[in-house]
Each structure stands twice: as C-alpha cells, then as structure tokens.
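Look at the two complexes coming up: chain A is in both, with chain B in one and chain C in the other.
Then we have the complex of A and B:
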C-alpha cells in the first residue's frame, strides 16, 4: 500500500535507482549521449574531420605515420585506431557515428512514440469508427514483417537520413499504438477518469491531464525499445544499401569495411561492431530495468 | 472447426486489402517515379512515355491499383524489367533457397531455446540460470550484420586459407544434397542470432508456469525434475511456443534479406534487393505484396493450429 502518499512514479524511480545493472546501463548511455552532444555542437570529430583523409590508407592501429594536418602540413603521429581505405581517421569516424546513432535513435523513438501515443489515445478513448479504422491500419502494418516495410519505404523515399528515419518511424509506431490503446481502454473506465467526466472536463483535457501521465511507463519503455531498434536497423539498412549516404555511420562503416576484413584490415569493422554492441547492450540493460521498475503490477 | 477455419480465412481479406493499399501507396504515391529511376537522367521524353504506357503508369491511380490486384489474383504477374523473366517464376524459384537457409535454423534454435528456458526456470536464481540469461542478453546486443561478417571470416575464410576443409565462403547450388554445404553456415548464423531472444522469451514463459500451484503439488508428490519439466510445463507452454514461431517469421525474413545478400544465395530477399538496386519496379512491388501475402496466410494457419492444440480457445 501507498502509506506515505508517495506517487507511483517516484516509487518506480526509487526502484530504478536500486537496480545496479540498470544504472550501469544508464551511465553508459549517458556517456555516449554526452559524446553525441559534443559532436553535434561541433566540439570535436566534426563531419569535415570524419570525411577528410589524414594519411595513407590502412594505417594499422598504433602505427606511426605522417599525418596530414588541417592546414596541409605533415607531422609525425601515432595512429589511434588506424585509417580506412581512403586514409580517413577511423577513430574520428567511430566517434562521429555515435552522433549519427543518437540522431537516428532519438528522432525515430520520439516520432514513433508520439504518433503511437496520440493515435492510441484517440483510438482507445473515442472508440467507434476511428478506432476501427486505426485498428485496421495497425493490423495491416503489423501482419507484414517490419523489414519489408522499412526496405520499401526507404526505397520509396530515396537513400539517405530522411528515408531511414521516415521508414523506421512509420513502422515502429504500431507497437506503441497497440499497447497504448489497450491501456487507455482500461484507464478510461477507472474512477478518476469518470470523476473528471462527471464534473465536465473536456475530452482533450481528460486525455492529456488524466490519461497520458498514466502512460508514462509505456512511454519510457517504448522510447528505449525503439531507440535500440532504430540503431540496429540503421546498420541493417546500410548493409542492404538503403542507409545513410555521404556521412559515416556504424552501419556504413561495417558494410563498407566487410571486404577489408578479408584482407586482414580488421579495425574499422571491429571498432564499429564493438561500439554498437556496447551501446545496444547498455540500452538493453536500461530497458530491462525500466520494464521492471515501471510495470505497475510489480511496483508495490 | 470448419466454420472457425472459414471465419479466420474470411478475416484475412480486410487485412490483405489494407496491406495491398499500403504497398500501392508506398510505391505509386509516395515513391519517386519508377520510370525515371529506371531510365536514369538521360532518358528522352519519348522513352519515358513509352515505358509509362508499358507499365500502365499512365492510367489513373485507382485503375492501376485494380489492375495490380487482378494480376495478383490470377497469378499473372508480368515480367521483370531488367531480365524480362516472368516474375512468378522468379518468386517460385526464390522460395526454395530462402526456406533452406531459415527453416532448419528455426527448428534448431527453437528446440535449444525451449530447453534452455525450461532449465533456467527450474533452476531459477542459481548460477546456471544467471549465466544463461547473461549469455542471452549479450547475444541479443550483437548486430546481425556483425555476426554474419565475423562468422564468415572466422568459420569459413580463415580455415580455408589454412587449407582446412570448412564452409564455402559464399555461393549456392540447387538440389537437395548440392545445397547442403552452402546452407550450413547461414543456418548456424541465424540460429545464433535468434537464440538470445528466444531463450529469454521461453524462460519468462516457463518461469510463469513454474510458479503455478499444480507444479507445487507435483513437487510435493515427489515428481522428478524431468517429469515436471517435460510432462507438465512443456505441455502447458505449447501455446506460447506456437505463437512464438509465428512471431519469428518476420525475423526469418529479415534474416533472409541479410544472409542471402551476404552469402549470394538466390532466395527471395536476394532477388528483391537486386530488383531494388536496378530499380526494377514491377518486381519490387509484386515481391513485397507476395511476401506479405505469405506472412498473413502463415499467421492464420498458426491461429488455427493453436486452436487445435488449446481446447480453451473458443471456436464459435
């Protein structure tokens, strides 16, 4: 029971803070996020740095080489993580790609959750013909493998950042929608919603003031889930030749450098794989903790 | 039973209608003009006009949609633009390799992960359980693409370089026995990738089942581990197992895209991607629609199957 008047949300946060794996995941995600922010603000590893050659091709990690500086002069340097086939610094590309991953992950997660929550609320609260129509759309999208939608939409939009984001968000919202719809249908029969209705609160006020705050657990979990799914699918799309064009990203690095691996040039594909793994692993741990902490059935 | 099957089949119609409208919108309304994509920048207006007429793109959109549906229903699917091959033959030829690289893996990882899930649930909280869960979590975080690249490198490329007999690096041959060496590694890879997800799923299902009171009763009566796990728990989690297999069909199709393009296996995914690369509009549209159709039918079959297994599902 809730003896001290502590809200469910605070209780969940307290539970989340006690989850060691979840907190470790959050710390790693936070670190990656700071790096992404730094790149975005142009503090280090800018797009120009990530796309300009700095030396000969395929310098091994840790090897000494003549580095071309920004003003065109050369200086002896020790390579941090090698250079790629065009002599670009792999370490810079890897860090720049953190920003790419966050850009795709955040935009896709926010878009898909926003669309899913709004449509789910409309569908669940109003019911009727709108509900039938949206549910039909959901069934149609959901009964086909997402990869098929993602591939066809990003093909239709043309290769590039926008195509990837639109394709992923247009597909991922359905999962959010269906869960939100079910939760709204349950919530709207509860006393606090009936109370608001009885003193004449408007429908939109009920949805946004009474119902949406009670969806926070779903929103957190789906933001996290969709972020991971977006980052992983960017790699798949890039591999299939439908990903980001013109800028480095982990997906582009992995798929471009896969032939280099056969020639013994392991660093580019390995570096991108490891960073991707660490980010996804941390996010998975965070999602598990969020699910445990925010599941209303488990918060006692 | 028959009425149930008929009802489920009838329920497919609106879904398929929705899918076909969406696919049509994506390619004909949102998408760039396929004619320009195919002909490139240097096409003359006369060429553009003639190709438009050939593809039926000069007609109004509703007419285009209805004609597309008519083609699908009669399985008269037209020809590909690049190779002038009948699309129906391309599709039928692609099914074999796609199934060969995914179906054995499905059986393998489902079996392994069900056993692992049961083991975890029975010895819940012990070191063994924690190790399996940790392994599954790590496995889930590795990118499919990375698994393919490194598996090919370490299991096929490196051993071949040292003169050891190993998997072929890429390629495919038709025929039941001829294809065997080529499908081993792709199956192994999709098995590895799916194992983490499935183990965690079946563990959760089995844990829930282990907490039920009849299990406590069975334990109190002195039933052995094996009896409890395989006689009681496994029978009761049969429904989630069947529905899980349907959930992973999309996963298999994603795998077929990735594995086929990486290992150069002429399955459905490979052909579709090839069509995308050459902007072969009729092939892309028809393949998308047909794969969607297959999945919707498979979903319905699974629904009917689980109703056969579970007497509690109402048939009326």
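Then we have the complex of A and C:
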C-alpha cells in the first residue's frame, strides 16, 4: 500500500522498522548511546570515579572487598567486574569508556562525512581543475595505508582526544568524498538538475537543494560506517600508545591490561573487548539495515 | 502574426571532444512570433535539443561552447551578452522548458507542490503560504484532480501523464513568453499524448505565449504547429508553414520524412505495402561531407550537390530550403512513389 504523500525517506524508515536485525542493532546502539549521554552529563561513572582507586589491586569479579567510598570511609562491598592494577573499578572504567567511544565515533563520523560530502559535491558537480586537484589529493591520501596516516597525524598532534579525532577525520573523509563524487556525477546528468537550471536555480542551490537530499542514503551509511571505523581505530591507536591519554578508554584498557592477562587477570581485557564487540556488531547490523532501507534502488 | 519574441541568427554550438570539435548546431537562424507554435523537427542527433538548450544558455560547458558570433535576441535583449546571474532571472520567467521524461525531470525527494512553490519563491518573491496556494491553483489549472491533495504527492506517486502535467504547471508558473517543449509526449502513452498536447494548446491560447515544439514525430507537428523548421545534421534544411510543408515539401529530406509515415490508406484491401525508409545513415558529425550533408542519401543528388554546400534560401514568402535542386510539387523518391 502506497500511503499518500509519503516521502521516500519515510518509506525507508518504515522498511527499516520491519528489519528485525536492524532494529535489534538500533536498540543496542540506542542503549549504549543513552549510557554515553548519562556519563557525559555526569549522572554516573564520572571521570573522577573512573580514575580513583576504590580498593586493593586485582580484586576478582564478584569477590568481596573493602571499598573506599568518596568520603574516604571504607565499606564492605561485592565487586562487579573487579579492579585493575591500581585498584580502580573496572566496571566504572568500562562504562566511562562508552562515552569515549561515542564521542570519538560521533565527532569523527560527522566531521568526515561533512567534509567528504561538501568536497565530493564540489568535485562532482563542477568538474574541471577543482575536480582534478581534489582527486589528486584523494589519490595521494589513498595510496598510503590509512593506519600509517592515522599514526603519523595523531603523533604530530600529540597524544590525546584531539589528536585521535583529527587523525581519523583527516583520513576517513576520502572514502565519503569518492563515493559522493561518483554519485553527484551521476545525479547531475539527470533531467531534474537540468530542469532546475532551466527554472533559473543557481549552482549552489542546485547542489544543496537538488543534489544533496538525493545523497541521503550515502550520508546515512557513511555516518554509521565511519562511526564504527572510528571506534575501532581509537582502540588500535590507544593500543599502540598513540590514542587517548590520561582517561580510560577501551583501547587504553586493553593496552594497559595485556600484561595482566598473562598473569591470569583476565577481566579488564575481556570487559573492554566484549563491549567493543557488542557495540561494533550492533552498529554493523544497523548499518546493513540502513543500507537496505535507504538504497534508492531498493525503495520502490 | 504578432511581434517577434525570439530571433536567432547564425547560432553555432560546438562540443570539444577527444577527437576534435563537433558542431552540434551549425549556423541555425530562425525567429519566433508571439503566440505561434514553431516545430523543430529532426532525427535524434540533428541538433534540435542542443538548439533549445543554447537558447537558454544551458549547454554544459565544458565541453560545450556557443560561439560568440551567435546572436540570440529574446524579447529585445541579447542573451549572449547577459551575465550568468541575469540569465538565471531569464530562465523560468521568460523562457521555460518542458522535458521529455517527467520521471527524471522531477526531483524524487520533494513533493510536487514544494517543487512548484520553489520556482515561485525564486522568481515571484511570494511568501511560503502564497506560493503554496498558487502551486495548488496551477496544478488545478493543468487539470490535475484533487490538486490540494496531489500537491503533497511525491513524483513517484503520480502517473506519467500527471507528472507531465505537473511539469507543465512548473514551466507555466512564472508565465513565460516562450515555452520550449522538448519531446513532451515521447515518454507517454498514446492516449495521454493527445491530452498533453491539447493542454499545451489550451494554455497557449489563454496566455498568448509562443511555443517551440521539439519532436521527431510529424504527427505531433501536424497536430500543434503553425510553422516548422526541419533540422538535419545541425542545420535547418527547410522552413515552411505547416500546410505547405505537408502539401509540398521542398527539401528531399523533408519529403523522405513525410513518406516514412506509415500510411493506412495505402495498404487498404489487405495488401500491406512495405514501409518507406530514407536510405543510408546520418553522416558522422566528425566527418561531414564537403557538399550537401544529405547528398549521400538523396534521390535527386547531382554532382554539384556533392561539391557545394547549399545555404538556406528563400523560395517563396515564409518558405526557405537549403537545397540546390528543390522539389517540385508532388515529386517523390522513386522508391517512395512505388511504396
């Protein structure tokens, strides 16, 4: 049934709602997102809580121990997910890291997609010298393995959140750029662009009012792909010692605890890995569903 | 007839491609008067669409280029001298275009009403509500039932005929002086074609706008046009009032086109005559012959036709042909006479 006045966008949403895996993915991602928001607003698992020791080192998950409370007094408690080498609560660190992952994922995805879409549109629509120059830049960046760029850029910016974000966004935009460029080159040949020109629309109005809305499927898919890639790459960078510093993140936790693993202290690495796995898996399911739902060739 | 609204002199549009320069339009001159319908007829590749795009300076550049020696005078203004900004004001408000395929000519992500309102906002400076109300009015005017409801439809929810009506409403939104209809019925069902042509005629009567009807379909020409320009290989080869063109074409190419129309009368009595086709093919635009471009396919071609290039010259008032050996009344290709 073709509901009257229903846009392709709403149709896609309806299709997405019917996709069970996609909706499961969305539920998990949504839950992680809410937790991240809670941490960001300081409702629970603040940075101070995540970096202050609460008990002896290496308390096993589920074990009873004397917990140091915020006011310095001690109380008997049962550990949720153990403590690390400095006696900090692993569960709190894990939850705090969800915020880290989301912050990096969202900022990198938005930045790289914004840059990629704008440059891709300019390149694809105007062609000529601008296109040649941007394409050259694309090829130059693409000809070196991404991880090398990421490592060198984040090294240049110094350890920390900003370095990671800049390094990831600076390399991720090229994938968006190339796909958007190709799609714009296809779209601009369609008659509705010519029709818009024939009704006196300016070039920028054609790009942003006629072409960009037709790129929504690419934008959605790249937002989620780049989010996943950013989360995973943050872990790799932190593992290599080039990522986040001074704050917990899954990458930092895995990196710090890899020696503990050999000593049989498995919980910190396991916790970070499982959360990373669940988030990435759920997001991948969501991306697949988005791809299916928003591909204009499949929405009919 | 009324005063001239469009004057085109020696229009040359070239495309710079890998192996040289292709002149898609090569020295085309014609004029258009208020309220009349001018047919631009020719096979695909004859330059009729490029001619119409050139009038609005919409030829993609690069690779396309309109030679500066071309003159396009629109309502007293030389289009070639306008800036791109001034040109944007002309497009849509003075000249508007209806395209062949209304499916691809409407943007799939906006409702029909929004697309219409957008043009009104740009050219007429109406407020959002007024533009919307006017859009609904326009949709009603082009015969779309339940226009207020249809304004909220997306293009994919309309039938081909409805889409073309919406397209026409868009073209008419700013009351242009000239409407260019580029194969407006080619993508439509036969039953819808007549309705759309009738709609264009009705609107033309009401507004007094001039129409350039681009088509390869002589049936459409016979139905709608007052005057016809026949194009071949980027040039106008014949110009004539509609009746004269069908009664006594002067150029052998025009004759061939007319003779290619299947004739039901001729095959009466159960005997089907073979269809007539002009022999040969349109020459490659990169390797045009020295003489007349139609000589290779012409049943009347003499030696002179292969060496000298005929120019469009007056044969009678309102009649021009580019032919060294124009046809006498009733003269046909031997093969067509047999068929």
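FYI, the second predicted complex is superposed on the first by the 294 of 300 C-alpha atoms of A that agree within 3 Å, B and C clash if a C-alpha of one lies under 4 Å from a C-alpha of the other, contacts with A are read in each partner's own complex, and residues count from 1 in each chain.
To be clear about the criterion, a contact is a pair of C-beta atoms (placed from the backbone, for glycine too) under 8 Å apart; a residue touches a chain by one contact, two chains touch by 3 or more.
What you see is a predicted model; the values in this text were computed from it and never measured.
If you put the two complexes together on chain A, you find that chain B and chain C both fit without a clash.
When both complexes are overlaid on chain A, the residue A:198 reaches chain C alone and has no touch with chain B. In the superposed pair of complexes, A:8 makes contact with chain C only, with no contact to chain B.
Residue contacts after overlaying the shared chain place A:140 against chain B, while chain C stays out of touching range.
Touched residues of chain A were counted for both chain B and chain C, and B has more of them. Angle at chain A between chain B and chain C, computed from CA centres in the superposed arrangement: 90 degrees, to the nearest 10. Once the two complexes are laid over each other on the shared chain, residue contacts for A:214 go to chain C alone; chain B is not touched. Of the two partner chains placed by the overlay, neither chain B nor chain C lies in contact with A:51. The minimum CA-CA separation between chain B and chain C in the overlaid arrangement is 14 Å, rounded to the whole angstrom.
Shared contact residues of chain A, touching chain B in one structure and chain C in the other, are absent.
Those residues of chain A that touch chain B in the complex are listed here as 136-137, 139-141, 143-149, 151-153, 155-158, 232, 235-236, 239-242, 251, 254-255, 258, 261-262, 269, 273, 276-277, 280-281, 284-285, 288.
Chain C meets chain A in the complex at residues 56, 58, 62, 88-93, 95-97, 99-101, 104-111, 118-119, 122-123, 149, 152-154, 156-157, 167, 170-171.
For chain B in complex with chain A, the touching residues are 14-15, 17-19, 21-23, 26-27, 30-32, 137-138, 140-146, 149-150, 153, 157, 249-251, 253-254, 257-258, 261-262, 272-273, 276-277, 284, 288, 291-292, 295-296, 299. Every residue of chain A that touches chain C in the complex is listed here, in rising order: 2, 4-9, 127-128, 190-192, 194-202, 209-210, 213-214, 216, 296.
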